[in-house]
Amino acid sequence: MKNFSHIDDDSNQPRMVDVSDKAVTRRTAIATAIISLGKQVMLGLKQGELHTKKGPVFQTAIIAGTMAVKKTAELIPFCHPLPTEAIKITIDTNDAFEAVVTCEVTVTGKTGVEMEALTGASVAALTIYDMCKAVSQEMVIRETKLIKKTGGKSDYTAG
Amino acid sequence: MKNFSHIDDDSNQPRMVDVSDKAVTRRTAIATAIISLGKQVMLGLKQGELHTKKGPVFQTAIIAGTMAVKKTAELIPFCHPLPTEAIKITIDTNDAFEAVVTCEVTVTGKTGVEMEALTGASVAALTIYDMCKAVSQEMVIRETKLIKKTGGKSDYTAG
Amino acid sequence: MKNFSHIDDDSNQPRMVDVSDKAVTRRTAIATAIISLGKQVMLGLKQGELHTKKGPVFQTAIIAGTMAVKKTAELIPFCHPLPTEAIKITIDTNDAFEAVVTCEVTVTGKTGVEMEALTGASVAALTIYDMCKAVSQEMVIRETKLIKKTGGKSDYTAG
Amino acid sequence: MKNFSHIDDDSNQPRMVDVSDKAVTRRTAIATAIISLGKQVMLGLKQGELHTKKGPVFQTAIIAGTMAVKKTAELIPFCHPLPTEAIKITIDTNDAFEAVVTCEVTVTGKTGVEMEALTGASVAALTIYDMCKAVSQEMVIRETKLIKKTGGKSDYTAG
Amino acid sequence: MKNFSHIDDDSNQPRMVDVSDKAVTRRTAIATAIISLGKQVMLGLKQGELHTKKGPVFQTAIIAGTMAVKKTAELIPFCHPLPTEAIKITIDTNDAFEAVVTCEVTVTGKTGVEMEALTGASVAALTIYDMCKAVSQEMVIRETKLIKKTGGKSDYTAG
Amino acid sequence: MKNFSHIDDDSNQPRMVDVSDKAVTRRTAIATAIISLGKQVMLGLKQGELHTKKGPVFQTAIIAGTMAVKKTAELIPFCHPLPTEAIKITIDTNDAFEAVVTCEVTVTGKTGVEMEALTGASVAALTIYDMCKAVSQEMVIRETKLIKKTGGKSDYTAG
């Protein structure tokens, strides 16, 4: 069985994995977070935000998520700091009154960026929550997951 | 219909809500994030972590979540900075191979702490993901939501 | 002559001014930063941004400025950390191809928020620069100053 | 006409520009910020600070500006994080009662450092303002601009 | 025997102590850090720094320590964020080739500031190390401790 | 005699050393911080923490120290930001009622990581202090120093 790489076998203490001997490659990761807004919030957004397609709620979420990607190593204790080279966050809506945040991150480095993509998607979703919570607090971030990663030892695509 | 309080009616631009005239009260919020670990990760955790009940994965997540609560106003653009007075994060597991993070935050201030509780729960769940991802990347943070808040204009309890 | 309050008379070393005995009052400050964009950038903005009045450049600047207000005590060595209660940033344009950023900050505390207002206006202007610099690097932030402050020992209004 | 590179053509949403395919080169940028102190502040500084040439006001500003350079990607939403290799800030005064901050930044990377230089100069000027504001609040940061950059697709020197 | 207040008795997990019911009082703490510089570093400092009494090494350390005080709750996982009202750092030298950093912090709040004073003294000492390490790496920060605290349930003075 | 590399010879002002022309090599540094806990604290730890060898105090300190390593360039004014590749912190106890924190840092870069190792060890020790201070405030961090560094112009091992 695979090991928990963040835990030192000898001491059972957590530590940052040593990546100094790994190859520098171009790595990407895509994650999504789906936030269930409910009918009332979605209606409000459609009247303003979605009509113009560049209203403040989603744009604020995109900016917050992008900035959070750059803070990942500050938030997740054993994440490696990485010089992010591209971040693209998009937000779509669907008929189930949901907003779907997609966050794609690219780096040329020694370790992957799945935590960066997941963190960016999560904080964008939390920002949508914050900006709509005066309308309703019934919102649920109902699915945050990794969709795809490339460039490491093995690629990954969600089944 | 309620307004989107973070958006200025005149300019349609986002802004921080003015809370300077609100009353200083004791406010609490509780949020949860449920992460579906899958059988393989749960088995690994049970062999180490859950046996001793203080193993490194959950404890690291508690610490990361606590520190993230204190960073909420740095992550969410229009959140007010608040002098947090208590943060308690607990993590339980269930038979569906899930870990349930609960984050409770208390402050004496002019505005609520639901974003702090949601951010703490989210970052704790992301940290569990990070520490277990060498075992599996199928994990999904499948539900992040507000459970309860007290001390503001109106209390809230999830239905 | 007034003293440089941040410099200790005895040691000639800088230090944070002791405000522990000052009264808690409601304090506001307004600062502006004017950025000269030039004709080419302004034309580009008018074709997209200014037509819709909520395009991404100015909105990104508003968000960045708001977040920078909350970071003031982290940037300016002897500034006191303050629980900001309201931040409002607006951006207007004029016929001289300039954008005028106005940043208003409110706090209930023991010391004023002029540095917060100046920092918010500055970082909003820097963000406009960043987002338009692919079009031209001739832009100049040509005036950053305090417009008004209230609530301290003496109010101030720019002459 | 050149594009606003930070804005995605398809979605009209802001994003971080993808620099993953750009060449790693040695890049430098020099920016200045001129702060008009006024006669009274300059007189005070000359009696202490300028006499010794290493008094606390300018030195504090140099340190604050240097630390701000390292925070640029945290302040400007779509700036790339970069491993700064050299930062040099100097402050001179002139007969018009002004202090002229010059900030030079060097990096070996895939994108330029003009925002780093501009941010360092701005925060150094704001710090001078903070440390002298007990004497006068009439100060104006009256010109912040890029002087020179090298190492990118095209060099730039202010006309 | 007294409890470890940061550890929850039931779960044996760490948490932030709940201070929401504590009284708001004026609290101070003083800590010191003594750094043994050695003869060679001290000689170099005396030729520049100590002659003028405001040279760059000690002043940079004072500024770094002051800024670190404001970051204490970001560094120490279970520290409460506090609105610091005064920070004073001084640095003296003695005949044993040592520099003695003293850091005094004041706050009006619900919990003490000993960690803030200790963190400020530690980071000031680390900054002295950084700025002198080109001369020698034999330096040792040989004593960091709390000297005095007032304003809490019980005052403390080092024996 | 060696120079103080952080101080510019011409201006006597501090600055970040220019490392842009230095070679990229694999660099490591090891530092320790020894905290004298006293009998009472050690007894308390032995009853819980040391019995299980993974109790919350030391683990919290390891996490805080690891996160502080990543913040070194934010804390020490003229430190270069570096993409840390490995961080390992261990904590042992001895018969003199002391805890010995050892922090080892690895990077592939143009400058050494001794400040990162020293900062990580210091903040881990401060965190132990914070978590045990309800039991006693007599603790002293009595020795923080560099043990070894490799990969730069000259290696170093404490005598």
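Some observations on this one:
The letters A, B, C, D, E and F name the chains in turn, as written, and every chain counts its residues from 1.
As a convention for this text, a residue touches a chain if its C-beta (ideal position, glycine included) is under 8 Å from a C-beta of that chain, and two chains touch if they have at least 3 such contacts.
Chain by chain, the UniProt names read as follows: A, B, C, D, E, F = cyclic pyranopterin monophosphate synthase.
Since we're looking at a predicted model, the values are computed, not measured.
The chain with its C-alpha centre at the largest distance from the centre of subunit F is C. Here the repeat of B-C among C-D, A-B or A-F is A-F, since over half of its contact pairs match by residue number. We define each chain's centre as the mean of its Cα atoms; on that basis subunit E and subunit F are separated by 15 Å. The centroid of the Cα atoms in subunit B and the matching centroid in subunit F are 30 Å apart.
Contact with two or more other chains is made by residues 12-14, 54-56, 59-60, 63-64, 67, 71, 74, 77-78, 81, 83 of subunit E. Here, these are the chain pairs in contact: A-B, A-C, A-D, A-F, B-C, B-E, B-F, C-D, C-E, D-E, D-F, E-F. Of all residues in subunit F, those touching subunit E in their complex are 1-7, 12-14, 33, 40, 43-44, 48, 55-57, 60, 63-64, 67-68, 71, 74-79, 114-115, 118-119, 122-123, 125-127, 129-146, 149, 156, 158-159. Contacts from subunit E toward subunit D in the complex involve residues 52, 54-56, 59-60, 63-64, 67.
Partner subunit C is touched in their complex by these residues of subunit E: 26, 53-54, 58-59, 62-63, 66-67, 70-71, 81, 83-90, 106-108.
Those residues of subunit F that touch subunit D in the complex are listed here as 8, 11-20, 73-74, 77-78, 80-83, 109-110.
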